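Two complexes come next, and they have one chain in common, subunit A, joined by subunit B in the first and subunit C in the second.
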Partner chain A sequence: MTWLVAGPIVVPLSAAVVTGFLMGYGGIQRLVSLCSGIALFGTAVALLTNVWNEGVTAAQIGNWPSPFGITLVADHLSAVLVLITAIIALAAIVYSFEDIERRGLATVLHPLLHALMAGVCGAFLAGDIFNLYVWFEVMLIASIGLLVVGGTRAQLDASVRYAALSLIATTLLLTGIGLLYGLTGTLNMADLHLRVQEVENEGLLTVIAVIFIVAFGIKSAVFPLFFWLPASYHTPKVTVSAVFSGLLTKVGVYALMRVFTLIFTNDIGYTHEILLWVAGFTMVTGVLGAASRNDLRRILSFHIVSQIGYMIMGLALYTPLGLLGGIFYTVHHIIVKANLFFVAGAIRRFGGSSRLARLGGLYRDAPLLAALFFIPAFSLAGFPPLSGFWAKFLLIRASMDVHEYAIAATALAVGLLTAYSMTKIWLNAFWKGRPEDAMPTRPPSRSEGFFLLAPVVGLAAITLAIGLYVQPFYELAERAAQELMHPAEYVGAVLGEDAVSGAGPSPAGPGGSGN
Partner chain B sequence: MELINAALVGVLMASSVYLMLSRNLVRFVLGLALLSHAANLLIFTGGGITSSITSRAADGATAESDSLAQALILTAIVISFSLFTFALVLAFRTYETLETVDTDAMRAAEPEPSGHPGRTDPSGRPS
Partner chain C sequence: MNTLVLRVATRILLPLILVSSIFMLLRGHNQPGGGFVGGLIASIGFSLHVFVSGAEALRRMLRTDPRWIAAVGLGVAIISGLVGPYASGTPFLTSAWTSVGGVKVGTPLVFDVGVYLVVVGAMLTFILGIKEQG
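Presenting the complex of A and B:
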């Protein structure tokens, strides 16, 4: 059982080490990397199956009893996000075979990519808030490495911005954790859930909650804190920016979802109201930023910001349907967004540029690419019957249920503007005639086309599947949302059933509430 | 003692914010280092300060000083030290490539829109 939960961390970590030693053996390194990607996928499927059949699964590393040792917990939300991570990793590895042609770059890419996956999966599975911080740092160092690989002027500039804001965020997170520990005397998230209810100084708890909002807010690129994202995501290799766009910010969203359902629920009227306003502004600023850009990856980067708003909105509503919508949106978004970056890379290879003004005529020259762009792009905009439609529908329905009409209207309007952005790309890159000054292009060969398009086809198929067979995905998101709304099962799996039923102090006895 | 430490955390935080608001990248990195020191000191103070060495988590509320908090700081120091080193290397490499440490003059990733009188003054070199 322990290995099942630890698997999604152990597999990519060992892959990072092995591929690290295989630097300079290009072919073997790629093969090992691909096999590890498949192994991670297999582990993630096994984990999700287990969680689906048996409920929340917890593992105590080294058999230390639970509030003291390191705990890994997989509930439905964690398990499904780990699975999506594995899918994106696999797609990125296949895509990188063609995208990253220079040998020197490719050898560094694979170890860093696997280290990043270990960090992401670790953050999803951590049952301990300090552990969460450590995995954030693992993720951070791997992602700066990936961002700076290549060392062009733009990449260095972008890395400075990314590193600076991320480091501030993690230090803030550490501060928040320190204060929370001082207040409650525990770091285990399930134990925290029980202990915060005994804290007398609720004002201080709310202050800590706001520190967490800022720290995770920088990570997930919400409204006043998102500037690092559009400044950096368009500079690295396409494979790297696709992985970043799919996964990094979503770890921040996941962390927000976790702590604001499990720990900081003492003052929902205050903290979740802040989150709701943040969500609205994030949506609007992101989509307006996207409308003002003319480069494919820059447009898509701003759309990440805008979409983050929807996920936070689901959390801020704090109803079962709202959380369900937020989780559904996150899953849909990771797949669609990474796919759009992959397509943007393919467009640059087929069309010779990523600037809209220098693109055109791709509908005639590369009809398959056009079809493959169409699916994720209009899923992002929320067109039925694609996955984005259901995600938006659930969220708007949830906000109507609690009479938050302003946020519902914002979400609808932003959806319309997203559609505007996507049609802008469609018109310029695909329908418009080929411009006179376009770069002369060499159409990719068959094998090149295969490695570039296979991940895109796979992810587009998942998008279609979610859209057309929505029921199982809905049920999964529903279970995940139920667990978030009623943490008893989570707490029971970590601390043992009596901790919940007694509703009393954990085995450690009453912690000091306030120093 | 706790009051002194709390004041020190405040001073460190304030100085780090002052340094980080600078356009000079080197000052920014130094500010970052101070910020992590402030965070570590804060955890240290939050854990309680006495000469006793029992972990509060294991021992209930009897012991006032908490060695777990110090273990956390140790981990955090190692992490922030390595990240600080990395940030220094990154800053130096950026200085070599972009030939400035003025963050306002770094426009490689986000160039000024054409027609806009861009800031071309490369006055961020350390003197």
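Presenting the complex of A and C:
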């Protein structure tokens, strides 16, 4: 089973090596990249099937026993996020064939993209908190490289901001990890779950928890730490910004979900209350920011921020239904958001601009594009029967159950404003007549039509599938939420069943990893 | 930057720095050190060379694109992690040992060499990129 869990890391890392050697051989590099994307998808499907049938699966890398060695753990949440990552990677690779030129600096894209996927999958599967940090670093290095592919001035500006903020976040994260290690003597997350319950100095534990909120908060772009995201996401190539907007912040959300259900549950009244306020403010500021913008990708960037609020809200409620909603929202959002960026790229290609004032009449000129925009956009806004409706419905229902009416009202109002933003795009880009100064639209060529629109069609189909056939996705999210609420199975898979039932503390000792 | 002092010093320092980076790499097997630190030390030496003789001189010295070095390193590290599992069916990255003429040889060193190359390749890519654009 260990190979299945290590697979989503080994496959993209190997792909990064091979595509790295093939820089300068455009055609072959693309083929290898595509095959690797398919291989990652296959691995992810196999992993999810295994977890679905047999429960939480753990692997001890290098055969060092936990809690000392490097542990990879796949529970339902990790496995489903790895699968979504693979789907987005595959879509991005296909899209890049038309979006990014075949030669020159652009050939760096494929190695970096696969390295990024290794980082994302590694973060989802990491079983100890230090490796979670290491995978964040891998993601950071790969994503800075991807941000500057193309090398315009705006991109460099964006990457400097992104790098600076990320470095602050990782420094804080490392500080938090160091303090936590000093307090408990372990880095393994399952072991931490057991040991934080024995910690006497609960105040210090809460302080560390807040450090983690700030560190992962910067990563996941929550209020008031989100400003790096709208400043950088609209600058890179469309392929890159779609992958970023779909995946990167969601790794931060995942990390919050993991540590605030597995480790920091000692003072829920305090930490999760902070998270709930953060969630509310994130939703409102994000959606208001979006309402004030007039460029497609800038609007969409602000909507990432606002949507992150919903996911954090699910975590902050800390009820089974709340977490279920948060997980469901994350899965739905990754697909919809990446898809919207892909569509925005296609609109710019066919309509000649991404500024709303210079667009128009696309409904007549490109009806297929209009339909393809409609599905993810109104799923984002939460129109039934699309996937976003169920995600919002679950979260609002969960907040009603625990009488948090204020956050429920906020979520509903923000949904309305999201609909306003999407309608604004719809009216301006598709319905209004073409402005006089607009670039002429042109019909897509065959290869543009295929490579740019195939990923969009695929992702829109998944959105429709989640919306119309919600039961299996609900069940998956329900299982994932159950595991988060009751970590015994997770701990048992990592440390052995004895550790859960027996009160005996696990052996202490330095569990350092790295070289 | 290109002063006489730096030029003369670099001529002496570069070999010393490279040797000590290899020392760090080997020392890392049982003591503090290893491929990551060794790679960083080597890149310090190479960046001195860039400051004194320019990016073009370093490219000639390396004879290959630093991105290739990084890719080779990552490949070496991954393959070293596959040897043990291939030989004995253990998990990924399990170390494998054998004896060549009484000397114990194992994959951890190979892995460290891979890390060393990745770090050198990545650092030199950055340094050359900055130097050639700025």
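One rule holds for everything that comes next: the second predicted complex is superposed on the first by the 500 of 515 C-alpha atoms of A that agree within 3 Å, B and C clash if a C-alpha of one lies under 4 Å from a C-alpha of the other, contacts with A are read in each partner's own complex, and residues count from 1 in each chain.
We take it that a contact is a pair of C-beta atoms (placed from the backbone, for glycine too) under 8 Å apart; a residue touches a chain by one contact, two chains touch by 3 or more.
No experiment lies behind these values; they were computed from the predicted model shown.
When the two structures are aligned on the shared chain, A:W3 is found in touch with subunit C, with no touch to subunit B. Of the two partner chains placed around the shared chain by superposition, subunit C is the only one that A:A59 touches, whereas subunit B remains out of contact. Of the two partner chains, neither subunit B nor subunit C is touched by A:V287. Set against each other, subunit B and subunit C differ in how many residues of subunit A they touch, and the higher count belongs to B. Judged by the touch definition given at the top, the superposed model places A:P111 against subunit C, while subunit B stays out of reach. Contacts of A:A164 after superposition on the shared chain: subunit B is touched, whereas subunit C is not.
Judged by the touch definition given at the top, the superposed model places A:R153 against subunit B, while subunit C stays out of reach. Shared-chain residue A:L13: touches subunit C; no touch with subunit B.
In the superposed pair of complexes, A:F21 makes contact with subunit C only, with no contact to subunit B. Comparing the two complexes, residues 141, 515 of subunit A contact subunit B in one case and subunit C in the other. Across the interface of their complex, subunit B is touched by residues 67-68, 130, 134, 137, 140-141, 144, 148, 151, 153-161, 163-164, 167-168, 171-172, 174-175, 177-179, 181-183, 185-187, 230-232, 234-235, 508-512, 515 of subunit A.
Residues 2, 20, 25, 28, 32, 35-36, 38-40, 42-43, 45-48, 56-58, 60-61, 66, 68-69, 72, 75-76, 79-80, 82-83, 86-87, 90-91, 93-94, 97-98, 103, 106-110 of subunit B touch subunit A in their complex.
Of all residues in subunit C, those touching subunit A in their complex are 28, 33-36, 67-68, 70-71, 74-75, 78, 84-85, 90-95, 112, 115, 122. Chain contact summary for the complex, subunit A toward subunit C: residues 2-3, 6, 10, 13-14, 16-17, 20-21, 23, 59-63, 70, 108, 111, 141, 514-515.
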